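Common to both upcoming complexes is chain A, partnered first by chain B, then by chain C.
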Partner chain A sequence: MLKGSQTWEFPTKPIIIGAATVVGPDENAGPLSGDFDFSYDNLEIDEKTWELAERKLLEHAAALALVHGGIAKEDLQCFIGGDLMNQIISATFAARRISAPYLGVFGACSTSMESLALAALLVDSGNAINVLAGTASHNCTVEKQFRYPTEYGSQKPPTAQYTVTGSGCAVVSSKGTGPRITHATIGRIQDLGIKDPFNMGAAMAPAAADTIISHFRDTGRGPKDYDLIVTGDLASVGHAIVKELLDKDGVSMEQTEFGDCGLMIYSREKQPFVIAGGSGCGCSAVVTYGHILKKIKRGELNRVLIIATGALLSPLSYQQGESIPCIAHAVALESEEIRL
Partner chain B sequence: MLKGSQTWEFPTKPIIIGAATVVGPDENAGPLSGDFDFSYDNLEIDEKTWELAERKLLEHAAALALVHGGIAKEDLQCFIGGDLMNQIISATFAARRISAPYLGVFGACSTSMESLALAALLVDSGNAINVLAGTASHNCTVEKQFRYPTEYGSQKPPTAQYTVTGSGCAVVSSKGTGPRITHATIGRIQDLGIKDPFNMGAAMAPAAADTIISHFRDTGRGPKDYDLIVTGDLASVGHAIVKELLDKDGVSMEQTEFGDCGLMIYSREKQPFVIAGGSGCGCSAVVTYGHILKKIKRGELNRVLIIATGALLSPLSYQQGESIPCIAHAVALESEEIRL
Partner chain C sequence: MPNKSKPGSRLKMNSVLLTDQDYKQIADKHSPKKNIWGNCLKAFLVGGFICLIGQCITQLFMTFAGMSSKEAGNPTVAILIIISVILTSLGVYDKISQWAGAGSAVPVTGFANSMCSSALESRPEGLVLGVGANMFKLAGSVIVFGVVAAFVVGVIHVIFGLGGAH
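For the complex of A and B:
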């Protein structure tokens, strides 16, 4: 590892032995519908508050991930999780039920890959056999938290995104079968001065570009080494910007498939209320652990790089006139038998 | 490592090559005054808002820790930090200035040892040479956040604690000289149903007891293997409870010195406004990185176990009638040349 490297390499290639995704009705009505393990037919997720709904999504996905991994919660040495709520209460209350040793993390919508990267580091170090990584978001908790309660019915600008209601969890292990985790690239804060919480994609795009370029620099890899590279939740506005930024830096993504979880999860034509696309820490989690992992398992993808993006504002920092610091963490996955 | 172990062992014993603490006027008026590297003489920390004050404490301590470690911020492969604010904005905005790859963590007041444990894991794995771990709290940000704004002047019950205004940071490295990090024990959520945010010590005590017992079970060590064992911020109420809980489990702390950072930082006689004692994620950070590390360096302590405790409530979870899930993470330090 070179001085200045921000990429972790995992020589043991920790294995995702099981994963699960649980979503709400809008996500299940989108193009990836068949890839999710469970969907609730009501946005309330059969609960009395939005916060209980979000927590239930995470608890449900965690329980299913353990079943899919063929282990019991007593077999976990750690649960690493976080979410968008103040003091990450969804992850914490889920951790109370999971009852494994617990590390709370916060990277806003990048939490999905921050938790997966740390899970892989912990397993690779030999200090754990099985680690659960997971996150969740709910449309109505997050809109209330960062913008306006949905019940208020405010109009949104065309740059706004739609927070995903869903949770994705993965069990990372030192033994078993499944897709492998080979690298993680930890992002630096990028802040170009955007202050508008209705324009997250544009705020986060420079962070995604910086992490992608750093990943290629640190690993010696390039776009053609991956058959899919996806950003987390840049949606239509941010994804166009990240392409432009990469182009300016001489990184052409034409040699690979370059997508965005926020553009994959909904049909913007049939679901126009999503405006620019999906967002929220559940977005990259359910697309990765639902859609992408299944394609890797079926042999349709060999190597994938997921760059989850996070806008690290708080309601208070916004009210106090601060700009939005952003970050992106990348994790490289490959199929069990690499067929490049 | 055994199945069920929640303790990480670091064969390379990562080194704390530099650390720094920056505090406010009340902390500098306490018994540990001489151990802090810098103190501001005003609670505003020369800033316009409490949030800017908290951020400045962290940025100041981070900069000093790098100076004490003899490295530049460009030499850092990672900054791992968190705080008590919604969306951990103090750590995030400090990370923007530090400009190293950044991992946000949240463990409430246990953030000090959560970040130090992860820093040691990352250095021990060989994926980083230098990692900065740090946290900060400010009396007025935290009281406003979790209880009432201090300006409101509400009376407090005798179980209440006083949030520390201060920041502590440490540079953990694979080479250099300084105290070594040998183990970390990651806690499980403990929640015995306490709902009162003015009685954090009682809420957190079971988490501290559980982590201490787990640490001894996993490492085969006992109280006599440490010449100091300190909890983070249980203060007078919680520290009495943890002693009782350990006694009931047959763990006698009479063979060691058993303290609490929340009881060490202030003089409850001369500073009666602290009521039960100190709290906040700055509490264990400034006592550990200020007072304890200096005693280890002077050869007055050989082996120390620090158990930072965290009450993982949010204002919203409290308002919705939830109890307070608590956690404790422990880190074992030893002097460079062990003299046991």
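For the complex of A and C:
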């Protein structure tokens, strides 16, 4: 049901009956290590190529999510997935194994919440009973496709981010128990002229600010209505900017806990190679489905807003001097029984 | 007439309208700058150290293999390349480069690293379309502009007729 100009309200409040996260070694060495369901101890994920590794992460997380949801893949009416690879090969190839009706989506690093919002829409509208939403990224597939060969010695600037190796999947269902999806705010593309692919936090921050403001305007809610508001992968640079933008517009995030998945997943002091923080499709997916959902289930959080941000650039577009169009999609989650 | 301002290049919030120029100031304020002088110093130290290693190898060839300094040049470069390729394959070279910057990129070891890393990365795509086609993906521009620069210097040499060895 449309609320305001760009927010979907889900009257049936679709339920996340099961979710799973699978990560690589660097993510498991970070502060959220206990929250992931499985971690591989090698960046190769026991595979021969980086692309196979990324696909395996997604297949593994999808299989675990189904187990946690207590359903078989035959019970799925749809799998909605996407990733950062050209032609979203990781999601599509993983869909061969899942063998449910498949919708591929691309929202760069916002894919996690884009797929979750669409899954909730399908379930809420009665067009599906169980939908699997999932995404994955791998540090080296992204380096290979968007930047330089992984072993090439180039110096990264202090605004650069480190792509998360990991996959997160969630089963959204019309019945069962678990955290509920109440709203989704679909973002508009924002492009304020940032061209530097090594400063994606700055490129994405306006999109995040726009979606947060739109969400509050459409729903009549404010920061204090949420226990936690997290952006997807703005990291240190983008998160500081979005705070300033919201502050300028009179939205005080002091009333809530305002975080960023890219800052939560790594310890920048102990893992200096992440530079400004984490990024990638997997970043908001593993933090949301691993860390945040578990906190909601334990009753530590009641209402959470997740704003996954995506930089929709391609290697061609930035070489041709184009600025970076960005997007952010927000999904509001609630614990089963609201304890306010 | 094409519209000069790019589509979507303004952020309209509840009470504030930001243009891309306004935003650039905010973004620049929060984006930490590269430490140019620090990077220059590191590049000088590491680049100089690599050259020192090269000089030592040359000296060894001259002392123990009886080569002249000119003869020792090529095998010295070959050894530096082998060291660079080994470090690249072990996944160490890119870590050195994050610290050293141009210091590890400019010497011949950086050239070898660019070829080796491209070859490693494209191996799954096969020998012909993968390794063969991609090995010079980064190094190719060094060769192209190296040849162009050599041509320009050659033309200057002819015009001004400067002396010296050919």
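What we mean here is this: the second predicted complex is superposed on the first by the 336 of 340 C-alpha atoms of A that agree within 3 Å, B and C clash if a C-alpha of one lies under 4 Å from a C-alpha of the other, contacts with A are read in each partner's own complex, and residues count from 1 in each chain.
Here, a contact is a pair of C-beta atoms (placed from the backbone, for glycine too) under 8 Å apart; a residue touches a chain by one contact, two chains touch by 3 or more.
Predicted, not measured: the structure shown is a model, and the values here were computed from it.
A.B. asks: Pick one for A:E51: touches chain B only (first), chain C only (second), both, or neither.
C.D. replies: Both chain B and chain C are touched by A:E51.
A.B. asks: Which partner does A:G250 contact after superposing on A: first (chain B), second (chain C), both, neither?
C.D. replies: Once the two structures are laid over each other on A, A:G250 reaches chain C alone.
A.B. asks: State whether A:M85 touches chain B only (first), chain C only (second), both chains, or neither.
C.D. replies: first
A.B. asks: Counting only touches as set out at the top, which of chain B and chain C does A:G153 meet: first, second, both, neither?
C.D. replies: second
A.B. asks: First (chain B), second (chain C), both or neither: which does A:I194 touch?
C.D. replies: second
A.B. asks: Which holds for A:I327: it touches chain B only (first), chain C only (second), both, or neither?
C.D. replies: A:I327 sits against chain B, while chain C stays out of touch.
A.B. asks: Once chain A of both complexes is superposed, is A:L312 in touch with chain B (first), chain C (second), both, or neither?
C.D. replies: Touch status of A:L312: first partner only.
A.B. asks: May I ask you to decide whether A:F106 touches chain B, chain C, both, or neither, giving the answer as first, second, both or neither?
C.D. replies: first
A.B. asks: Report for A:E9: first if it touches chain B alone, second if chain C alone, otherwise both or neither.
C.D. replies: In the superposition, A:E9 touches chain B alone.
A.B. asks: In the three-chain superposition, say which chain, chain B or chain C, touches more residues of chain A.
C.D. replies: The partner that reaches more residues of chain A in the superposed model: B.
A.B. asks: Kindly list the residues of chain A that each of chain B and chain C touches, one partner per complex.
C.D. replies: Shared contact residues on chain A (touching chain B in one complex, chain C in the other): 49, 51, 188-189, 191, 325.
A.B. asks: Which of the residues in chain C end up touching chain A in this complex?
C.D. replies: 6-11, 13-16, 18, 20, 23-24, 26-27, 30-34, 39, 88-89, 91, 93-102, 104-105, 110, 113-114, 116-118, 120-122, 124, 137-138
A.B. asks: Within their complex, state which residues of chain B touch chain A.
C.D. replies: Contacts found on chain B: 1, 3-6, 8-9, 49, 51, 74-75, 77-78, 82, 84-89, 92-93, 95-96, 99-108, 114, 118, 121-122, 124-129, 186-189, 191, 312-317, 320, 322, 325, 327.
A.B. asks: If we count contacts the way the header does, which residues on chain A are in touch with chain C in the complex?
C.D. replies: Per the touch definition, chain A meets chain C at residues 48-49, 51, 144, 148-159, 188-194, 199, 202, 205-206, 209-210, 213, 217, 237, 240-241, 244-245, 248-251, 273, 323, 325.
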